[in-house]
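Both complexes below contain subunit A, partnered by subunit B and then by subunit C.
Now for the complex of A and B:
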């Protein structure tokens, strides 16, 4: 297979083009800062995108729309428990992940027990999670403990710490998908649930663990994002609804299921940040920016999918 | 004979088609005249489907020429194909499926002429078929779908069908329906139509074909009038030496403990090959699917699965289309070789290579996509998937659809050998010949077991007898 036929390539090419167009305006100054910012903000999109990718790989109709609410709820509860006290970062992390685990299991329970379509189930559940967050938060903005704030905004070997987290997670997901039995089961289930079941794949176990993983990933992203931005806010997850789906699609994962693409998710996450900063630096207003972002996403998806169809 | 009738409908001159390094068809010359019924035989992967696709315009030849007597394209020349891979849209009704290939039906109220046309075609070919033109295709059994597809192939659709290509049309039909089709083909050809008839069931080919062409490795190795071949001569020309299977002389073997018992009354013992027979769509497939689902779980898969499943409807139940041959073979045995949840890729490759050789999957490399294989070879992949598993009970839902004669013999031998080692097989087949090889046969009628036959009782006659309601009092 030639390099051009790799579906993840397009998101990286797009990210590189947006990067160089932005730098074209400043004749190359600020390249380091721009890359650093893209890696920091892209990391959150990449983490939720990896989770969404697993769910979308389950096949048509599978998507998790409760990601923003899960992020908000887990961040709110974690920060409340930590109460800005030092040395509580681990406690906060455990609480955030536990919230994610609970949300994921609840989502799957709705899908499995009530036979609701995943879109409806996760959307309805997200209203509950969001309300829980509002109820427990009561308008307070609690700062994260100092050590945790330093970690989430800090760097290691020149790269932002959050990007390292996103990178390690991407590698883990890649190994699981490519090498593990569970990954094979997921890919088989996504191609055809009935065929997978008849081939002996425990399809409900696969679906349950997938819906749980995406919620745990979202809670991790929420925890890091709240620490990064100095506290949880009720609308902190909002933009990650569309973002999580966009990075999966731009990254070359098949919407029809059964085919995942881990490197593409990272490329797309960087691109989504870079395209906005590019349009900003060219002085585009908010309206123009949204229209252009939408157009560019459509163009890339078309470029990536026609290329794949020809191979 | 007028001039128009004697001129060939389609002429192929040294037509070839290559897929990369694979020479699927390597220079075939052929002409089809009105009134011809050409039997096309050959192994899985011999190039039959490729030849069909060249004639019907689905593929362009890599070299050589294809000429039609009327119009420039297969469509204008009245060439129709009925594929072995069912190509109906399952969410549409029977009449709506006709519309897909009949662009003359338009405007408000097009459904009425569509219903009339498909009903007429079905009535002509399969009198007493009982298929409602308004039924959605996914509510039909696989045999009924095949009947609809054949009826669409023969329907006039605005012009006239002059050459109909039937690719394995009878593999999912039971004997009675298949007979109706064969007599329709004979009638159609005697009225000046032409048919290309592809089948692995040589008896049928002899019954309808006026001329037989044998394909082997992409070349036409023999072409004669049907009377010029004997059955054995045909098998030899295809290039497969059929080892005369020693008739199962060891009459009553000893079987082990009972391992299967359903509330329908279906039972099987260790080491036994149990056949399910009866008319297609009378509950055999449903019974097997229910048995499989009740003995496996959606929640866990251990290292010792109890049952495995070989699908006959491979698109719906068997093939994972995005994957390679290798991954398709090993999907059911992943937990066995795994260490700490990771797939043992070396062992996996060994298993796939081993089965490629044992069952003769025609491919250079097991990492090729599974869809690069012909239909019969995909079926071999599904066999390999099941036989590679250690499960003691193997459930087979009409698994020989589109498999060539030679491979069938190999698989029969493999099933015998595995059974002798204590594995149990439950085998539903639409071919009576296959069912007669079983140790015990359950005949289904109206979703119930109407007879249980053992040993010498298993004859075609007894099976047919039990398949039909004998007292037609109703």
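Now for the complex of A and C:
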């Protein structure tokens, strides 16, 4: 029963069930279309989810609430700098990632220097980032350069390019967590901060790099999402606040920290898209849809956590 | 820069003539102060709204129509936060508060306090139900009905429709959707086969449409609430489906897409929306109330309609990446007031 004890399994099972229930309605028609859409939109949730997973792994009280604002700010500044000119995609990417780096360092500075709880620090910082985004461009929507727009909506070997980016990132994060010293430090810090410190783990360095990574991931997601959907909008990141936390929890990562789960994040990201598609396809109203989505999420979290407790 | 200067010049000229009328038979408002209490700034519509308010206010203050017209926006779109803001504005001694409310009912207590303190309260877009306040409302249900009427005129045979709604649980979303469903009842050749919530955000709409499309039969028309038409078009394109007749909103990228489609294959549609310039209308209405004009409590704003014939004109006057807008003058405000009487 070693497979059943894997906490990531449940998000993939749930995604598969939602997928087949949707197709049950159309008797199999549109399977490729739906899978392609799920991979495209799931990629954005997966990228921010991977970042959030690292932060949540740091232990209780660690969460980054500035993800939406970081996405908006980096996308806004990057698209403004590119100004729809061809051959500026790299410049835009560098700017977006630099904004992410800056936001991550600023978040950590608030947490470390002012000793603010991460929830307060990142929430307060997000108001600043959002205001900067508003102030820098007053909500004007600038189109991405054509080549970049084509890349972000294009496909390679049948899979969406954004999904490839998300997959590569997931593999990198997985290798770092499983095979590198830094990954071990992160897990140790999440399991017990004090013990880790006494054992000689540079916990503050781990925390700093983690908060920086999540912001850089968010800025990458923002850059891709803005290129994908034809420009940055001030409210573009909004739904990724709860989404990033949901995919981590559904994916089987321990909310108490110390245990992360990379494949589960991708399964959960696909599930979050597919469950809404399924309920929309069955014509469920907004109220029913929210109640059912919530119930299903609770069910998956219970299924995943009881399995872990038993083994 | 020259164009914007010309526009400013034209606006001030219009205002000067308006003022001449206003001052001839009404109380002087030149020492009065008006505040804008706004609940949200996080999208391009609200940004255009704030910009219009700023321009109108700056001109009015420069011309000496009012002493001040400051804008205040709450950061979290919460009714409690806005109620506290209104109380502050009362204490600061503003003569009128122009209000875009976070909730139609939750601010009634604070609005009542303002009225009792002798402050004129004019709500617009997000209106309040407190009877002492004025309401500049949009007939959202009529907007929904008009969308279906238009589809019926273009597609007499009818067919399947996809509805893209706004933010679940918000009054405006319910009203527009109600109008759309009334329209579909009236034109029973149409059937709504799918309904998704796009949260008035393009990327959310695109995602929701992409998710429901595989399970839908052929779609002839898409009814929207504005801001989501371009996302819907992209989702149809990504799914390799023919582009249906999409009723659009007033965002520049939607209009640009419409113009491109028109030039490429003669695509024809309609754009219905609320102009963010409604803030300038609310400004002038509150100024008129302060000046002693008898103004009915319920006023209606016309919605902004762009047709095939006016598309090029609208695109020319809309800054890239922004939303199509109308700035209302004192004359417009008087007309709206006269109509309501």
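Assume the second predicted complex is superposed on the first by the 310 of 311 C-alpha atoms of A that agree within 3 Å, B and C clash if a C-alpha of one lies under 4 Å from a C-alpha of the other, contacts with A are read in each partner's own complex, and residues count from 1 in each chain.
In this text, a residue touches a chain if its C-beta (ideal position, glycine included) is under 8 Å from a C-beta of that chain, and two chains touch if they have at least 3 such contacts.
What you are looking at is a predicted structure, and each value in this text was computed from that prediction instead of being measured.
K.L.:
After the alignment on subunit A, I want to confirm one thing: do subunit B and subunit C clash, or do they fit together?
P.N.:
Result for subunit B and subunit C: fit.
K.L.:
Applying the document's definition of touching, compare subunit B and subunit C: which contacts more of subunit A?
P.N.:
C
K.L.:
So, A:231: does it touch subunit B (first), subunit C (second), both, or neither?
P.N.:
In the superposition, A:231 touches subunit C alone.
K.L.:
Please indicate which partner A:198 is in contact with in the superposed arrangement: first for subunit B, second for subunit C, both, or neither.
P.N.:
The first partner, subunit B, only.
K.L.:
Which of the two partners, first being subunit B and second being subunit C, lies in contact with A:209: first, second, both, or neither?
P.N.:
It touches nothing on subunit B or subunit C.
K.L.:
Once you lay one complex on the other using chain A, what is the shortest C-alpha distance from subunit B to subunit C, in Å?
P.N.:
Once the two complexes are overlaid, subunit B and subunit C approach no closer than 35 Å between C-alpha atoms.
K.L.:
Name, in rising order, each residue of subunit C that touches subunit A in their complex.
P.N.:
41-44, 46-48, 51, 75, 165, 168-169, 194-197, 199, 201-204, 206-208, 210-216, 230-231, 234, 238-240, 251-253, 319-322
K.L.:
Can you list the subunit A residues touching subunit B in their complex?
P.N.:
179-182, 184-185, 187-188, 191-192, 194-205, 254, 258-259
K.L.:
List the residues on subunit A that touch subunit C in their complex, please.
P.N.:
It comes out as residues 22-23, 25-26, 29-31, 33-34, 37-38, 40-41, 127, 130, 134, 138-143, 153, 225, 228-231, 233-236, 238-239, 273-274, 276-277, 280-281, 283, 286-287, 290.
K.L.:
Going by the contact rule set out above, which residues of subunit B touch subunit A in the complex?
P.N.:
Subunit B residues touching subunit A: 289, 292-293, 296-301, 305, 308-309, 311, 316-323, 327, 331-332, 334-335, 338, 341-343, 345, 385, 389.
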